[in-house]
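One structure, pasted below without further comment.
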Amino acid sequence: MSKLELHNVVKRFGDNTVCDGINLNVDQGQMVCLIGASGAGKSTLLRCINLLEPIEDGEIFLDGEDISLPGLNPQSVRSKIGMVFQSFNLFPHMTAFENAILAPKRIKNLSKIQLTSEVEMLFERFDLAERMHNYPDQLSGGQQQRVAIVRALAMKPEVMLFDEITSALDPQLVGEVLDVLLQLKDQGMTMVLATHEMQFARQAADKICFLKDGKVVEEGSPKQIFIHPKRVETKAFLSRALK
Amino acid sequence: MKNHKAAGLTRREQYEQKQRRRSILVAALSTIFVVVAIVIFVPMTPGWEKVQKSFFNGVVLSKTFPKLLNAFTVNVMIFAWSAPAIAVLGLMIALARDAKSPALFPLRIFGAAFTDIFRGVPVILTVYLIGFGIPGLGLPRPWNSPFIWGSLALILTYSAYVAEIFRAGIDSVHPSQRSAALSLGLSERQVMRDVILPQAIRNVVPSQMNMLIALQKDVSLLSFIGPVEIFRQAGVYKSLFANFTPYVGAAIIFLIVTIPATRYADYLMARQMRERR
Amino acid sequence: MSKKMIVSAVALALLATNAFADGHCASGKTLEKGKFTIATGNPAYFPWVLDDAPESGQGFEAAVAYAVAEEMGFSKQDVVWVRSSFDEAIQPGVKNFDVNMQQYSITAERDQVVDFSVPYYTAPMAVLVGSGATDTSATIEALKSLKWGAVGSTTAVQKIASTVVPNNAPLLYGDNADVNAAITANQIDAAMFDLPTALFLSAVMIEGSKVIGQFPSSESDDADQFGMLMEEGNPLKVCVDKALNAISENGILASIEAQWLQDTTGVPLIK
């Protein structure tokens, strides 16, 4: 079984069906990019995976376990699945370091010294050691987003979800964040990204899924999707997106 | 970019300086005019001498001020133990009203009823009903003291208002903060305690300052059920001397305390407005 | 007697009656021409006024009011009653009454801002205690240890402070009703009222309470004397005083006192 499997996931908001029977497999260490227009259901799907939104129908399996059982305590699942958001969502009243160490401190039973050194190493690994004790409003957009990634990594997740994490950044800051993603991929992290960065997806992803109106219209390798798209909708989307 | 010509001013700076001087002159003249008008014309009104004797009587003021100041310490005392209790209870009620799990539903109802009742009834009624009513059930001394029950009336009333302000503060924290915190695997309780509340409280400090200032004055309501705080003491003097100057004295003492507090609250609000932009 | 003389005599008599009906002293000095406006408390208590209905003339102050009115030449129908709070009247300024009768003690300070008639009653001050302190002895020593309360705007405050000098600072209230509530809630042990009011309260208003003693009225300056309160400089004062002195001399005042305030015996003097 794959690391992460979605079977026929349905999510509705009132009358609006945002995810309409989505099937998705993500293998260990794979990077899967979700592409599609805004409102296609990408963000919602990610939020369903880490149980921020309960699903109406279908199942989600992590390492073969059904994590979408109604009534399941989502906390332990969420420790294994990290998420990074478009608007960074750093806690403004804490320094970068405090942002990162908050959840491990509360949840893991490690000593403070051990936690501190682990988190410090993370900051160093992503070239943020100098910024560790700054507050979010003292950091650039790119730095904030990288801190957000470090914060998610501090919980040592097995899967990382990224919800259009470069969409809110100035163009010149996008690169440093994408570099982090590549770094993570090299380290073998299982990643699912919702993204508009077509170039990046084409170069880095293992699998591309094109979503439209809550359904996976087409999926395949970057070569298959970008160079030989089969579906009309895919072609239409790509021609607009790649202009 | 300024263009300083040696030691001279640019023409715009010159113009602005001239405008500034002009407006200061106008402001000063009009203020002087108003003050002089008041100082000259008010004493000319027929009733002025009587009003001055009744309200601004220097002799009475000097006689009564020391004891008024002394009585004000009662106000300060009541304020000092009520304010923290209000902060704590207000926060608890706010959290009760926002309780999400179905098991805590009775708490939500209780919270809603609490805020409805205590915001709906005039404070003076609550002071009377609780200050006299509960001791009237037969409590032994010192448990029936009007200080205890009167303060409780204030605490219950103000907690209701403070709770609503906290709720607004909690609501003002963007939901994405909650999403991010939950995503890290924190429990709802941890999210509230470590992420939402610190931000919420920071956001509402200026509004809560206004509540504090209102409380400083409402402490006087306890005078109706016995404690001799400044308002009551001023009243005793009013009856003794048949003169209202003690009330003016009390007002002065209040202003000495509340003006710095209101200024500080305004400063906090202004700073918050600036940060938001 | 000629017809002319009879007619003139009748005319003169009529004129005289008319003049007298206007109140020869009080004419032109009252708020409303031909009417005598008296203010009382809201509500007005026993034994000063019965059933809060001063128009009935029942109650000590109501009776004295009508007696004075009649002496000044006003008929019963010419007396108009209004209500005022205790505090309202002591304020300086124009009044909406000719006189105010609400057990006002005459004090020098008040006299600077309002005018008082000559006294119509000398009230001994009495101590009323709640059900928890009824066995307190009538001595200053015993009174010191009680928790005291009083209406803040009355002379009782000063009397308690100077005569009793209690160990704990008294609690002060806005009116008699609140003092009663405090006694009932056992927040205070004792309060001081004029004797008739104290007796009424203990008999009717506060269960289990008792008037344990009165202060001897021979304490010269401290003796509370009630006067009718008037606007400062009111020319009516002369007429009211004249009337009060008249009913005092001819025994009407004493008989009114005997009728309405007869229960004042039997209360021990405080030593």
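To keep things simple, chains are lettered A, B and C as they appear, and every chain counts its residues starting from 1.
Quick note on the criterion: contacts are C-beta pairs under 8 Å (C-beta built on N, C-alpha and C of every residue); 3 or more make two chains touch, one makes a residue touch a chain.
The structure displayed is predicted, hence computed values, not measured ones.
Participant: Centre to centre, using CA atoms, which chain is the farthest one from chain A?
Facilitator: Looking at centroid distances, C is the chain farthest away.
Participant: For which chain is the distance between its Cα centroid and the global protein Cα centroid smallest?
Facilitator: Located nearest the centre of all protein C-alpha atoms is chain B.
Participant: Give, as an integer number of Å, the spacing between the C-alpha centres of chain B and chain A.
Facilitator: 47
Participant: Taking the mean of the C-alpha atoms as each chain's centre, how many Å separate chain B from chain C?
Facilitator: 42
Participant: Averaged over CA atoms, how far is the centre of chain A from the centre of chain C? Could you give it in whole Å?
Facilitator: Chain A and chain C have C-alpha centres separated by 86 Å.
Participant: Note which residues of chain B are touching chain A in the complex, please.
Facilitator: Counting only chain B, the residues touching chain A are 176-177, 179-187, 190, 194-195, 198-199, 202.
Participant: Along chain B, where are the residues that touch chain C in the complex?
Facilitator: Against chain C, chain B makes touches at 50, 53-54, 132, 135-136, 138-141, 144-146, 223-228, 232, 235-236, 238-244.
Participant: Please give the residue numbers of chain C that touch chain B in the complex, ascending.
Facilitator: On the chain C side, the touching residues are 87, 90-93, 109-110, 112-114, 147, 149, 152-154, 157-158, 169-174, 178, 181-182, 184-188.
Participant: State the interface residues of chain A toward chain B in the complex, per the touch definition above.
Facilitator: It is residues 47, 50, 52, 74-76, 78-79, 81-83, 85, 87, 89-93, 102-103, 106-107, 148, 151-152, 155 of chain A that touch chain B.
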